[in-house]
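The block underneath contains the structure these notes are about, expressed in structure tokens.
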Amino acid sequence: MTEDFKDNKVIHAQSSETIPGGAGGSVPDLDYVRPAEVSDQDLYHGHSFITKWVFCQDAKVIGIQYFCLATFTGIIGLILSWLMRLQLGFPEAAGFMTAEHYYQFVTMHGMIMVVYFLTALFLGGFGNYLIPLMVGARDMVFPYLNMVSFWSFFVAVLVLLASFFVPGGPTGSGWTLYPPQAILEGTPGSGMGIILMCVSLILFVAGFTMGGLNYLITVLQARTRGMTLMRMPLTVWGIFTATVLAMLAFPALLVGSLMMMLDKLLGTSFFMPTILKAGEVLEYGGGSPILFQHLFWFFGHPEVYIVALPAFGIISDLISVHSRKNIFGYRMMVWAIVGIGALSFFVWAHHMYVSGMNPWFGFFFATTTLIIAVPTAMKVYNWILTLWRGNIRMNTVMLWCLGFIVTFVNGGITGIFLGNVSVDVPLSDTYFVIAHFHMVMGIAPLMVIMGAVYHWFPLVTGKFLSEKLGKWHFWTTFLGAYSIYFPMHYLGFIGVPRRYFEMYDSPYMTSAVGMNEFISLAAFLVGAAQFILIFNIIKSLKTGKVAGKNPWQANSLEWLTPTVPPEHGNWGDRLPVVHRWAYDYSVPGAKEDFITQTTAPSEVADTKVEKT
Amino acid sequence: MHAGIIFFLVILGSVLFHIFTPWYWTDIASNWGSMDDTITLTFWIGGGVFVAVCLFMVYCVFKFSYKEERKAEYKPEDKKLERILTWATTLGVAALLAPGLVVWNQYVNVPKNALEIDVMAWQWGWQYRLPGEDGKLGTTKIVNINDNNPFGIILEDPYGKDDIMIQSDVINLKNNRPVKILLRSVDVLHNWYVPQFRAKMDAVPGVVTYYWFEPNKVGEYEVLCAEYCGVGHYAMRGGVKVQSEQDYEIWLQEQETFSELIAKQKKIELNETKLAKK
Amino acid sequence: MSDPKIEGYEFKPGFGGMAADTASDQTMFKGVHWGKAMMWIFLLSDTFIFSCFLISYMKGRGSTPVEWPNASEVFGLHVFGVDVPLLLIAIMTFVLITSSGTMALAVKYGYEKNRKMCGWLILATAIGGLTFVGMQAFEWSKLIHEGVRPWENPFGAAQFGSFFFMITGFHGTHVSIGVIFLFIYAYKTFAGHYDERKRGWFTSMKGDYVEIEILGLYWHFVDLVWVFIFAFFYLW
Amino acid sequence: MAEADKKEQTTTHKIGIYLWIWGLLFVLSFFSYMVDWYQFQGMLRWSLILIFMFLKAGLIMAFFMHLFWERYALVNVLLWPMTAIACFIFLMVAEFKYTLFTRLLYFFVGG
């Protein structure tokens, strides 16, 4: 594959702009772009180590900070999953683990992976790094707020980790934190554990709101000249829509956590009905546990798409760049992202078909849920149609993309099982659910993250990651993860319920012992394989091949900065001017197989560009 | 090239695994065969799409791998193709949704002749209550629960007196008689789930939830708690015995009603006071 | 506020204009200051928070079989030998609307660069807000004195107190934060920070009178929420 | 803030419009207070409460918060998400009715 990287064409961001301001002069009418509406952004440049690297206001550094902290929590989540799999596969070897421990690990694994790892990584990490670069802004619009956002996240993580060391340990109520059990004796960590969990979530939401406002306003109000919404790379669309969802969905989580904390601390009864515990009636009464479930899933379902939409966006860009072909049906892709985002607020109770809510909701939510399947399927078709008649570079990035397609389609199809109300009845609360959501919002987004790391590493550091190690990393991760979760669906068919500390004394479940051992072994392997990446990063930072400018011959703006890696302020003296979408690959008549976004129409006058 | 082969093997392996899997659903023992049928239908349509999409991907990998001299096609959109795909998908989704909704409609509408059973859950166990001769269960209140009134039946309620109380985690059911499970919890969320019956529903404190099924295979089954309910969740098991009509009637005769329990308690109390007097 | 003028961009009215604005480059909200756009989006998010609170309140109140206390009596005041229902609340509403009006005028004078007038109006708004918070404290202490607690109350369903303290408390926090910022902005206005475009203490961004409008949006939002709380908590 | 540098373009409104709206808000608040004063009940009370509430909210948003003069792009971005809230409200109404129904049925009425 190495020949792909030879002769990188160096492109200057300003190459197409002859006269600032645009109108008149020597600029041909064809290339005219409206002058800037607002003057250039005024940035605070840090000078000391603290203002440059710690309390930094540069979105790129903040993005890396988010990335590293999220990865750190992700590794904790990974270790917790090892412990869980040890118990499930080899209970004799896990003699040190009690049921309390197990449930605490389950809970913390879930919460860390969904909120503190994936959400923070996609929006905080990739969002911060890529949005300003991709829309041609100098930085996020409110750099100070952006810095505070990261440090709120930092405190949220500290509080979360602190709960491991308080009496009673972290909460063990499952990542859904359902009351009443979350705050009652009989569940591990029902004292300080759950309180710290709620506090941590509230901090996370507060911090995320600050970051989210930045992402949204940067995309809406700070694009560069010529950058219309319909010229943005899909990565930006995915992150943008996910942020919208986050801004509107996190409030429900905040309210739910706050109310549960009041139930615990003040003895209010928002979610607590009359309860008889160990022969005594507790001083609660009249509340409704199902209300919490509604609030939680009003947050929780959009949360699924907060993780999925950035993944959709990023994968579209990776596939397009590495198959040297425009993304098929760009407008359809954008509308699908927006449509999925909007619909995700009307489907939440499909997590609650057997929760004892009003049974008639089943009809409404099954219908809305299956409607969402249509735009999602369209996205999948467009990805594979982008591969079709492309010129596919089979490098590591592309492997992750292909791995994503397989796992995402698999997980998406099982989603149709669970979304379709009566099919969900036998399967809900079983291992089928675990397999489904790990495939669709665990492994699939992970594939995207890895692909994105291999793709943008040369931008962030100026060096390539090693392809050889990358391939090892990919194949162990993909094959291992697939062999964890694909068979796991069948445990669900047998009827094995989830969140069982130990399960083998039922006659029809004993047949699954072997499978459980196999799954655990695969899980250990996949987890260990992730350290290949860390090794690869360290090694490549030191001895990796120097990438130079625009090593993948991509079109989008982030590769067109005057320096690689980009400096604070991104664009040097002059902001880029955008003339086209980010997907003009292999245009007939063009000299190169790519035409960057900043290339003026007059420069490529003899090509057959269909869309600008 | 190698990558394409491995991806192909993964798809092939998935299909073979599905065909030859030793792990599949347990033999159904209730009327919810329709759920199995919808699952099978979803498998055919969904599995078909999965295989088709992935094989197409593998084909692309083989056919369009990088060649220096080739240039990719430039085709931003194809309205016709997109329209066809949208409608085909919509049709497929509708075909999956329709049976799902029909079955759900059966699930939430309980037949008139269903026998109501009060399933009471706590951390971590089950007990059951059947209506007596009047065919109706008495109303309950959690604060009434004590040793003499294990179900918290409201004493003034005339329907409650003849209720049959089964203070055991095993319940017997009559074969081919629909039952309406009324779920009640005194502390946290639980879920009364028998894999062979396919059906399940959470027990939520503060409200009563329900579902129904008709057992149609004589035998003994294990009840699992399917909603996380604290550290004892995994050990919260119970049992169901589905019996023929004769066996069921014999079993039913042996059970105690609420008024019998009260009478027994009174007798004990009387004896105790007598003893105390002596 | 007529449409701002943007070189090379032609404004169209109505939905056609919306489509054109959305499809254009650089900005979607033409002529809208970044900070103002941010405040609007933040308020949208905050609306969801208050909506979730009120929806929970509706669900909690609707599903309890226990009698809900009669707000009209609980919040009544006994003055001059007469029981006046909701008197305190009526006065609080009056105060908050008054402060909203002064804020609206402050924004107007801010845009006219009338430093003095703007400063005094902001100060008046801040004092109005402070009065509101004080009256809320009085209301809380009165209720607590009568035995209303977050976990119980003598009038009926226990959730009454829970939702009351939580929702008015959350709203009161918003008011208090607003009051603090109003005082700060009043100082900054009088000191002329917006006229000389002095940089912010933390953000190091240049000051501008548009910040008054941004604060105004927040303050009106607080008033807006009170309209809903008044309707659902006191009148229902 | 970069936009601050742009030429002053904002025209302000006459003070009269603010005073008008201010007055209307007082009047409407007075009316909604009267709903309680006269103890209207049932549908009449509910519709009056909601009408006055939405009128007040609308006036504040439209004039004090200047939404009336903003461009449709902003207005629509702000108002469309409310459909999610509306959906949440409608469903929760159905939910609380169902919860109350089961509570009354199984804990009070019986049968």
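Here the chain labels run A, B, C and D in written order, and each chain numbers its own residues starting at 1.
By definition in this document, a residue touches a chain if its C-beta (ideal position, glycine included) is under 8 Å from a C-beta of that chain, and two chains touch if they have at least 3 such contacts.
Keep in mind that this is a model prediction, so the values were computed, not measured.
**Student:** Which two chains does the highest number of contacting C-beta pairs join?
**Tutor:** A-B
**Student:** Averaging only over C-alpha atoms, locate the centres of chain B and chain D and give their separation in whole Å.
**Tutor:** The separation of the two C-alpha centroids amounts to 42 Å.
**Student:** Could you tell me the distance, in whole angstrom, between the mean C-alpha positions of chain A and chain C?
**Tutor:** The separation of the two C-alpha centroids amounts to 34 Å.
**Student:** When the C-alpha atoms of chain B and chain C are each averaged to a single point, how far apart are the two points in Å?
**Tutor:** Chain centres of chain B and chain C, defined by C-alpha means, are spaced 48 Å apart.
**Student:** Residues touching two or more other chains, restricted to chain A: which are they?
**Tutor:** 37-38, 42, 248, 286-288, 290, 294, 298, 360 - these are the residues of chain A that touch more than one other chain.
**Student:** At which residue positions does chain D touch at least two other chains?
**Tutor:** 1-3, 5, 81, 88, 92, 95, 99, 103, 107-108
**Student:** Identify all positions of chain C at which a residue touches two or more other chains, and write them in rising order.
**Tutor:** Touching at least two other chains: 22, 28-32, 34-35, 37, 44, 48, 51, 59, 63-65, 205-206.
**Student:** Name the shape of the chain contact graph, picking from line, ring, star, complete and other.
**Tutor:** other
**Student:** Note which residues of chain B are touching chain A in the complex, please.
**Tutor:** Checking each residue of chain B against chain A gives 1, 3, 6-7, 10-11, 14, 17, 21-26, 32, 34-36, 38-39, 42, 46-47, 49-50, 53-54, 56-57, 60-61, 64-68, 70-78, 81-82, 85-86, 89-90, 93-94, 96-97, 99-101, 103-105, 107-108, 122-123, 142-143, 145, 183, 186-189, 191, 193, 195-196, 198-207, 209, 222, 224-235, 237.
**Student:** In their shared complex, at which residues does chain D touch chain C?
**Tutor:** Listed in rising order, the residues of chain D that touch chain C are 1-5, 7, 9-13, 15, 18-19, 21-22, 25-26, 29, 32-33, 35-37, 39, 45, 49-50, 52-53, 56-57, 60-61, 63-66, 69-74, 76-78, 81-82, 85, 88-89, 92-93, 95-97, 99-100, 103-104, 107-108.
**Student:** Give every residue of chain C touching chain A within the complex, in rising order.
**Tutor:** 6-9, 22-32, 34-35, 37-38, 41-42, 44-46, 48-49, 51-53, 56, 59-60, 63-66, 150-151, 157-159, 161-163, 166, 202-206
**Student:** Which residues of chain A touch chain D once you look at their complex with the stated criterion?
**Tutor:** 37-42, 248, 288, 290, 294, 298, 345-346, 349, 357-358, 360-361, 364
**Student:** Going by the contact rule at the top, pick out the chain A residues touching chain B in the complex.
**Tutor:** Listed in rising order, the residues are 1, 3-4, 99-100, 103, 172-174, 178, 180-181, 184, 186-188, 273-277, 281, 286-290, 323-326, 328-332, 354-356, 359-360, 362-363, 366-367, 370-371, 373-374, 377-378, 380-381, 384-385, 387-394, 399, 402, 405-406, 409-410, 413-414, 416-417, 420-423, 425-430, 475, 479, 482, 486-487, 490-491, 493-495, 497-503, 506-508, 511-512, 515, 583, 585-588, 593, 608, 610-611.
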